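Several structures are given next for inspection.
Look for chain A in each of the two complexes below; its partner is chain B in the first and chain C in the second.
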Partner chain A sequence: MFNLFSILFCLSLLYLSVTSRLNAYISVLRIQGILLTLLLLFHSIGHFSVLTLILPLTLFTIKVILVPRYIKKIIFDLEIKRTIESSMRQFSFLLLVLFSMAVIFFVSNSLSKSVKIDIIPFASGFSSVVIGLFVIMLRKKLIVHVIGFLVMENGIFLFGSALSFKIPLMIELGALLDVFVVVFLMGIALNKISSTFSGFDITELRRLKD
Partner chain B sequence: MGFIMILVLSPLFSGIVNKQKNFFTGRIGAPVLQPYYELFKLFKKETLHAKTASFISRITPLVHFTAILSAAAVLPVGFSAPLISFEGDIILFAYLLSLSRFFQILAAMDIGSSFEGMGASREASFAVFVEPIFFFTLGSIAFITGLTSISSIYDSIVLNNISYLVFIFVCSISFFILAVTECSRMPVDDPNTHLELTMIHEVMILDNSGFDLFLYHYSSSIKLFIFVILETSFFGSLGGGNRVLEIGIFILIVFFLSTALAFVETVTARFKMKNIPQYLLFATAIGVLNLLIFTFTQ
Partner chain C sequence: MLVLSLSFIVISMMICYFFKNIQLQYFISLLTALIHLIFSFCFFMGWYDPEIFFVSDDSLSRLFLFVVSNVYFWVVLISLSFLKKSSASNGKKYYFLLLNFYLLANTSVILSNSFGVYWVSIEATTLSIAPLIYYYRSEESLEAMWKYLFIASVGVALAFIGILFFSLAAEGAAFESSDLFFSDFVKHAKQLNPIWLKAGFIFIFVGLSTKIGIAPAHSADIDATSNSPSPIAALMSGSLRVTALVGLLRVLQIVQSTPIYGFARILLISGGLLSLFFTFIYMFYPKNFKRLLAYSSVEHLGLIVIGIGIGGLAFIGAFYHIVYNSINKTVLFFSAGNIHQKYQTRKIEKVSDILSFIPITGWLFLISFFAISGIPPFGIFFSELTIFEGILFSDKSWVLGPVLFFLLFIFINMARPLFKMLYRKDQSLALEPGREKLTFIHIAAIALLLLLTLLALFSPDILQKRIFTILNDFGMRL
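So, the complex of A and B:
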């Protein structure tokens, strides 16, 4: 079951690298949030208690409801165009993603011989981090960078769940709060930038350097 | 038995898809048996050839039809064994489909119309991306099981294993994209526009008439049904040897697929030509992902 969610997670990453719509990016964020919640719920099936429900519920509220809605609000308020702009062709981007995924799977396979990890969730988390980085590197719009950051964060979450030892509840909750605050701050920063510059392109920001 | 079923039922499937498409758009639409009437009408008509056409365009419809028929003969139809089956027929299957496409492209160039040449060039460039999809989906199962005959590959699938279910789910997505591209349906090609500039497949048969056009239309409906069967055969083992149950499951899945196809065709618009390669690469990427996952979970 664990593998199933990780594979669906990988599929969402592939979709992320092929689509060119902002709305699709947001739905990918939602899907990933749902997958992570389901994953946590399946984790706690053996030892069910109210405490084990706290993390999935918080995750669901933040990653599926609050953050996507907030990003949508920013897009609507700032009248950002619906397409993402890329400094690389989508086709080459997908090839790059595919290649790095293959490398990551091979690396985690050789890693699993020395460290105790589940290969599939580990590799999907790892690829999510890398693809989030690619999104930040190769897309031009600022709001897409925020989404890339969130994809990275999702990857780290999956990554953590693939490790054999358990991360304490408080730390996980703290990380979630951090993510929410970061997205919030980024939204405010975007608003400020929009009042100074008309576009939301990183090429515009070059003018800021001294 | 399975082969005869493909021959008889393939136009019916196109009819069902059209009827459902009409249902989704709120129209009454043509009767389900309409493809049969149209095929019969074309069958009766006289065949005309362009003056510039050489013998290539004369033999192509037959070669196209025969290649697709032979590809259909290799397939197991859920509950019955294929007509022909031997080691390595998965390669034969893929290349029979390519052969039919190759001759169609050749014939389109042969006639000498610039529109058809354009269609041929598009078809050829997309065909490059289509083949890896097939080999990374069905080929990856062949790689994992070590079998190279389509019917034994399908026999080896056991549905009680969860990783096989995931695998089939992921495979189904790429098969769907493959079917849509091979049969030139909605997100890739729009056969209904009849504007030479926007068509890929239909533009190549603009100059054909009568019996030749009958062969083309009949073989394209068989081709669509072939892909439907490729998908349904995954679930052949669900029946557990009970013939009635197997046929019931078969009908259910075929109906489900036709609904999915009709729904996708209703809600999507045709992609821009330059976006199609990345759509097809997406399907290949899914296949690669499948292969990666399977190599590391075994």
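So, the complex of A and C:
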């Protein structure tokens, strides 16, 4: 089951690398949130209690409802164009993503011989981190960078759940809250940027240099 | 006592949120800062032991909490006179609220004994400082805030991967790794898996270097420090970098008894040398004096990281350097803030003849520049000398060559623009020459300079004892 979710997670990453619509990016965030919630719920099947529900519920509220809605609102308010502008051709981006995923899976496989890890969730989480970084580096719009950051965070979450032990609940909750506030602050900053700078390209942010 | 001081911060945050009166906010924040300073002083002297299992009470925490609390106290002290003179009115609203939040987050970073809490709180420090960077509400400050928020968040996320690798390294070791306690990791370091440890160290080093401000991830930190108001810049240079350094030091403490210690040392030393190199390049043509000071922070943090990487005597020098540098940077940014408020520009070419327009600030700026360049009798001189001596008698004595070369040129190239700012006569300047009134900011700067000198001359036993205990905790001998 665990592996199935991870593979679905990887598919969402592939979709992320071929699509050129902003809305699709937001759906990917939603899908990843749902997958992570389901994964947490499956984890707690054996030892069910109210406490085990807190984390999945918070995760669901933040990653599936609040954050995507907030990003949609920003896009709507600021009238951002609904296409993704890339500094790289779509096809080469896909190739890059596929290549790095292959490398990550291969390396995780060879690493798993020394330490016991679940290869598929581990490698999917790590791919998500790397692809999030690619999105930040190779796509142009600032709002897309925020989405890239969120994909990275999702990857870390999946990756953390691939470990054989549980991270303490308080820390997970704190991390979620942090992410939410970061996105919130980034949203405010984006609002301000759009009212002070004319466009939304990263090329606009060139005032500060040595 | 810990609970008392923390609850005071929370109460003060609530007051700052509900009451709009700046004076009231200032007094309650100052009271909180004072209580925190007293608490951290008692903690530093060893008169207070929290004895709570998730609170770290080793010498590292005791020393760093005091350093941070000291800088914070002075920054709050001068904040009212800074706010009165400053024209930006929008930024004032949440100024003290965010400062209190900053103190809470930093205290939590330093006192946490667990990787998880450390991570959550270091992210919280970014969140608290980011809106403060945007104090002037200008395009530059907005861009600086965005870059800092984004790059620091990504960096801290990378550091979290490193932490997860560390917990993977503990697989099969005989302790409860899920709590992620530093002390457990240190105790059982020999059982950890070196491959994962190495990967984890790389991630944590790269991730945290965005917050420590060492090359090559220093750019966001430079932008943020140079575009924020000077009390905040002092806070960032004097305390935020120190709290980020705590994480790196904890990780180093874990790896020092494992086979990858040599690798970690090389990483630290090359990061430090690279920071010196970037500062060296920048100093050839500086245009903005706050940026110049921010680069000077990169230089000194680089030197500290080199000292830590070399170990032994250089390690001791690095810790003295952390203490002195935090005080010295605070004075420098206070004076730079006065200059900025007088001339309304950060461009070096537009600032001239400071010594006749604002003589007190000018002299303080000059003296603190001498202090940061390592001229006796100020602290930096002694700590730098210790670091140099440590490097010379270590197994990597060749490092001393590039370090001295870079520092010499940084000093020369930093002195040129600063002396121009201080002495050059410019007839076109439409400023009234006159006497400067002595303000809180000057008194604070003089007090800090005195503190810097006295600390170096009398070298209190307790400071020495703390630093030597840290050396022992890191498993090193002189």
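Here, the second predicted complex is superposed on the first by the 206 of 210 C-alpha atoms of A that agree within 3 Å, B and C clash if a C-alpha of one lies under 4 Å from a C-alpha of the other, contacts with A are read in each partner's own complex, and residues count from 1 in each chain.
Assume a residue touches a chain if its C-beta (ideal position, glycine included) is under 8 Å from a C-beta of that chain, and two chains touch if they have at least 3 such contacts.
Since the structure is predicted, the reported quantities are computational estimates derived from the model, not experimental observations.
Overlaying the two complexes via chain A leaves chain B and chain C side by side, clear of any clash. Of the two partner chains, chain B is the only one touched by A:102; chain C is not. Contact with chain C, but none with chain B, is seen for A:174 once the two complexes are overlaid on the shared chain. In the superposition on chain A, contact of A:145 is made with chain C only, not with chain B. Once the two complexes are overlaid on the shared chain, A:3 sits against chain B while remaining clear of chain C. Contact with chain C, but none with chain B, is seen for A:129 once the two complexes are overlaid on the shared chain.
In the superposed model, A:156 lies in contact with chain C only, and not with chain B. In the superposition on chain A, A:116 contacts chain C only, with no contact to chain B. After overlaying the two complexes on the shared chain, residue contacts for A:191 are found with neither chain B nor chain C.
Taking chain B and chain C in turn and counting the residues of chain A each one touches, the greater count comes from C. Superposition on chain A leaves chain B and chain C with their closest Cα atoms 20 Å from each other. Listed in rising order, the residues of chain A touching chain B in the complex are 1, 3-4, 7, 10-11, 14-15, 18, 90-91, 94-95, 97-98, 101-102, 105, 108-109, 119-120, 123. Residues 111, 114-117, 129, 133, 136, 142, 145, 149, 152-153, 156, 159-160, 163-168, 170-171, 174-175, 178, 181-182, 185-186, 189, 192-193, 196-197, 205, 207-208, 210 of chain A are the ones touching chain C in the complex.
Per the touch definition, chain C reaches chain A in the complex via residues 114, 116-117, 119-120, 123-124, 126-127, 130-131, 134, 139-140, 142-147, 149-150, 153-154, 157, 160-161, 164, 167-169, 171, 177-180, 193, 195-196, 223, 227, 282, 287, 291. On chain B, the positions that touch chain A within their shared complex are 162-163, 165-166, 170, 173, 275, 277-279, 281-282, 285-286, 288-289, 292-293, 296-297.
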